[in-house]
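Next, two complexes with chain A in common: one pairs it with chain B, the other with chain C.
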Partner chain A sequence: MTQYFIRRLLLIVPTFIGITVLVFVITRFVPGGPIERMIAEVQQASMQAGGSMQSAGSGVGAATLDEDQIRELEKYYGFDKPVLVSYWEWLLKVVQFDLGTSSRYSEPVWDTIKERLPVSAFYGIVTMLITYFISIPLGYYKAVKHNSHFDHASSVVVFIGYAIPSYVVGIILLVVFASNLEWFPMGGFYGDEFEDMESIWQQIGDIFYHAALPLLAYVAGSFAVMTFMMKNALMDNLAADYVRTAIAKGIPFRQAITRHAMRNSLIPIATHFGNNISVIIGGSFLIEKIFNIDGLGLLGYESIVERDYPIVLGVLVISAILQLLGNILSDICVAVVDPRVQFR
Partner chain B sequence: MSEPLLQVKHLATEFQTEQGLARALDDISFEVNAGETLGIVGESGCGKSVTSLSIMRLLPKPAGNIVQGEVIFDGQDLVQLPADDMHNIRGNRIAMIFQEPMTALNPVYRIGRQLGETLALHNPKMSKSDIRDASIRMLERVGIPAPERRLKEYPHQLSGGMRQRVMIAIALLCNPEILIADEPTTALDVTIQAQILQLLKDLQQETGMAIIFITHDLGVIAELCDRVLVMYGGRIIEQADINTLFDKPGHPYTRGLLKAIPRLDQPPKEELSTIRGMVPSLFDFPPGCRFQNRCDFVQERCRQETPELETYNDGQQVRCFRFRELVNE
Partner chain C sequence: MALFTLNPLTRKKVNRFKSIRRGYYSFIIFTVLVLLSCVAEMLVNSRALVVHYNGEWFFPTYGAVIPGKKLGLDYDYETNYRDLEAKFEQEKDTGNFVILPPIPYNAFENDLRDGEYPPFPPSLETRHYLGTDTIGRDVAARLIYGFRTAIFFSLILLFVSYLIGVSIGAAMGYFGGLFDLLFQRIIEIWSNIPFLYVIMIVSSIMIPNFFTLIAIILVFGWIQMTWYMRTVTYKEKAREYVMAAKALGASNKRVIFNHILPNTVSIIVTFIPFSIANGIIALTSLDYLGFGLPPPTPSWGELLSQGSNNLESLWIVSSVIVAMTVVLVMVTFIGEAIREAFDPKKHTTYE
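This part shows the complex of A and B:
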């Protein structure tokens, strides 16, 4: 088993290289890269200055940047070398934890990411905890009370939450509870007085006060799948022969569920566990945008729009590693809960 | 003989299905005496498993319900017994083993835990080491080699025959007075089947428990049972001791079943005799005798009236109007 996981860990290396090569090459060939942007900016600036009467259509760069300047820029961004050579240089730096410098903020990529990561991780982890705390008991109760009024009513709620995209839930929450009722703030990760707060508890309270609506938006979409996975797994197991055996042994029905059926029903939930981690830490840029949260999702999205490739690649590095580790974590979870699983 | 150990009186069980209420058991009455082996035989869907599940009150809820009758065990009616008292009887005084040893054990727990659970449940004062010792002794008794090691194994590490032995061990841990065996050998291959049957016989001799053995295999019945119930369409159609049943089968259905067994004294490679037609679903049984549409001896009366289960010589009970004429043929 240990051997298997060591092999899995080693396999991260080629997978990681595969993912990053692909994205690196794409960034090279997608139009509108940083140099073209810079040219456009200079062009715009000169046009606004009114000094130029040249028509906008005549030659892209010639009007504003000469060949030497462009070459210098290409050198700065490493575009003067073949793709694979500059990829290799980038990779060597990544291995030394140097993700380069953001072309937009002109500060180290790692610092930018480091600033946002805890915000996204906070939302991700809290969302996951809430989801598990709702879904597992709810799924359990729905399975035991299958076909009851409670079961039907909760299904309606769960499916509505599932059917409405989370950003729409976010907007509705924002309009109702922040704008109309003014119960919650409009957005942000914490309030303006955060730094001046005396105790850590006040600060935590403030974070959750700001987090309430976005968390609701996150949770509304994610607990449907988990709840039904739990309910269906438990129903399958309740009908299983070994539960009948347990009852035939003289175990009361409730205990047969909690001791026997539950453990088996957690197997599919455990399979999902690792995936959730990686997906959730990435954050949803739509929800982050709506609630004005400076998270990783928003950062990644904006840097793609702005062609800030060092950040795009930096975010990719983080999320790829999380995804790969998450997959392995899933497998470990499955191996822990299901003795039949043998990794060789 | 004194009071029978278990008396089933006029038991009727119904299932709620999408097509409506299905009466899976109708007026089932029989007795089980201490130390004897009662066989219940019949085709799929005749109600033999439902009978055992009804006695144990293991019917799938909420679909299956006992609607009538009593199951008297030790002076109490199990049908009316509060759930808590039923928990004390299940696995302790009446135990049960099932058809599918592959799925009857919980896949995620070690054998030791699944054995110990029953003991701890019914003997709360027993210490951990006593439970372990008793588990090992029990595994030895059911013929499992290296029992100490097996305790630490999971069900998937055992073969089907071994798992059924574990099931038997679990069932017998608390020395039950009755063991209900619901087709325990059907899923096993023939050599393992013979071993399990021998094991049950030996264990019965040691403990003196009664066995209710449910099967569709008359060969198994012949090997194991003292008395036999033959069921068809949720009703008992014949009840007799083992010799009477095989020598002088009373009901045309029983005769049909016996004829359908290949025999050594028959010329080989001949077509086997079969009972014509199919078992109807519970909703499609004909009026009158439930077997009339497949019976070779059917008369007008059989189509109109339902025959009662009547007692004849040697305590043989048969549900057939024409028993007396047919038996002398």
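This part shows the complex of A and C:
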């Protein structure tokens, strides 16, 4: 077992290198990289300053930035070396927690990411707690009361949550509750008066006031699968021989569930546990964009749009590592809950 | 019916599927919608279905451009059939007439008016039944052509990814050994990629078209089916009928294609509706973020993003949300019904 997890941990290295090489190479051969952007900016500035009207085209850059300046920029970004050499240099820096400098904000990438990480983590963790808090009891109740009115009625909600992607739920919530009814704000992580609020409770209240709709969207995306999983697992276990035996021996039904069936039914939920880590990043591009939340997803999205590659790579590094760790964590959880599982 | 006969087991499954009403009706409605979308040009189009002019018949829908001069107008570019209809109505008793499709706009034209600025709200009078978007294109037209794009996108994606998944997965499960090990490692690495993010990066660079976008998603989307297929083949391989076939001297090819594959079809089928839904969602999300098909391709994601940026024009966002919800719920109904039909679960309940 230990051997298996050590191997899994070691596998992170080639996986990580594979992903980053792929993206690094792609970002290299892009038209519109940081240098082209800078040229365009300089050009725009000179146009606004009343410079000669030049038609947009390929030769334009040379007119505004001379060769030496471009070469200097290339050197600054490491574009003057072959791809693999500059990848190696980048990797060496990454290992020392230096993700480079953002070409848009001109501040260290790591600092920018560190600023956003708590926001995404907040949503990830709260979503996870709410999801478990709803799904496990709901799935339990649906399994026990299978085919009852409650089961059918709640199935409708679960089903819709399952069929519609969470960001569409987010848009619906935004349209109904923020735009039309104006019960909740349109977006943001906290309001404008946040800094001036007197007590920490007010601040927490403000955060949750802003978080209500996005959280609902996040939960809508994840609770349906979890509830189904819980219900199906519990029903399978209730039908299993060992529960039938327990009941035949005369154990009260409730005890048969809590002592026997429930424990085994949590196994599939446990396999999902590690996913939560990557959900903090992965599921959030869309919802963070819709609600304009300054998290890691929005940062990644904006940096792709702005072609700010140090940040694109930085976000990739963080989310790849989190996803890798999440998958391993899932396996550990399974091994903990289910002693039958043997990893080789 | 003599063309192909179903074996009794399959017929039983089909009957069980039919007995699950909501899934069966969803299936019928969905199939009709897909078929109708194939001839969307006849339902939603700026070109007329039929023009009768001076004793001559014209059917402009699928043919070449008919210049205005040919139909008695004073210009050489393509006839505006809505104007033509209005003109024919004014000059009565000539026997000339135009039959327009129910929605007389195509997905690309901007309906511009003097002194007014789009988006225009829905109106029966202008025949923009769902209004127009921010640059004056008909929402209903873009919705329907967007549906066609999304559906064929995910059908092609499904077909190719299943083709790859089934071939590689079956080979992995059947032959095992080094081939299996190699692909296991590849899948292990591949499945750890935060793939929405990587697809966003790649397509922001490539500006994909319909087929390159499918290719980009395929690069990351082949794993799931491969993995299922591997497990299933692995299980089937160990069963007696395979051993019997081998003992009779059947070749690998025969065992795989005549014995194992037919037995895995029922598992593959249950995945299809969910793959279709995932394909639609993937395309719509990418379009929403602006990393999908390039404009002006009509797409649901683009409508969603327009709608959520112009919340005061409620008709844009609500029509696309309703359309998406209806289609996705139907597909999921079908999926549930197929799963139920192919893998019925009889639950034990206690009193």
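Everything below uses one rule, namely that the second predicted complex is superposed on the first by the 323 of 344 C-alpha atoms of A that agree within 3 Å, B and C clash if a C-alpha of one lies under 4 Å from a C-alpha of the other, contacts with A are read in each partner's own complex, and residues count from 1 in each chain.
Going forward, a residue touches a chain if its C-beta (ideal position, glycine included) is under 8 Å from a C-beta of that chain, and two chains touch if they have at least 3 such contacts.
Everything quoted here is computed from the prediction, not taken from an experiment.
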Touching partner for A:Phe159 - first (chain B), second (chain C), both, neither: second
For A:Arg244, decide between first (touching chain B), second (touching chain C), both and neither. both
For A:Lys289 in the superposed arrangement: first (chain B), second (chain C), both or neither? second
With the two structures laid over each other on chain A, which partner does A:Arg104 touch: chain B (first), chain C (second), both, or neither? neither
Have a look at where A:Arg28 lands relative to chain B and chain C in the superposition and call it first, second, both or neither. neither
Under the stated touch criterion, which partner chain does A:Ile19 make contact with: chain B (first), chain C (second), both, or neither? second
Just chain B (first), just chain C (second), both, or neither: which does A:Gly300 touch? second
Determine where on chain A the residues touched by chain B overlap those touched by chain C, and list them. 239, 244, 247
Would you tell me which residues of chain A are touching chain C in their complex? 11, 14-15, 18-19, 22-23, 26-27, 29-30, 146-147, 159-160, 162-165, 167-168, 171-172, 174-175, 179-180, 235, 238-239, 244, 247, 253, 278, 281-282, 285-286, 289-290, 300-301, 304-305, 307, 312, 315-316, 319-320, 323-324, 327
Enumerate the contact residues on chain A facing chain B in the complex. 239-242, 244-252, 259-260, 263-264, 267, 337-340
Residue numbers of chain B touching chain A in their complex, please. 56, 58, 60, 83-84, 87-92, 95-96, 98, 100, 103-110, 117-118, 121-122, 154, 156, 167, 170
Can you tell me which positions in chain C touch chain A when the two form their complex? 188-189, 191-194, 196-198, 200-202, 204-205, 277, 281, 284-285, 288-291, 304, 307-308, 311, 314, 317-318, 321, 324-325, 328-329, 331-332, 345, 347-350
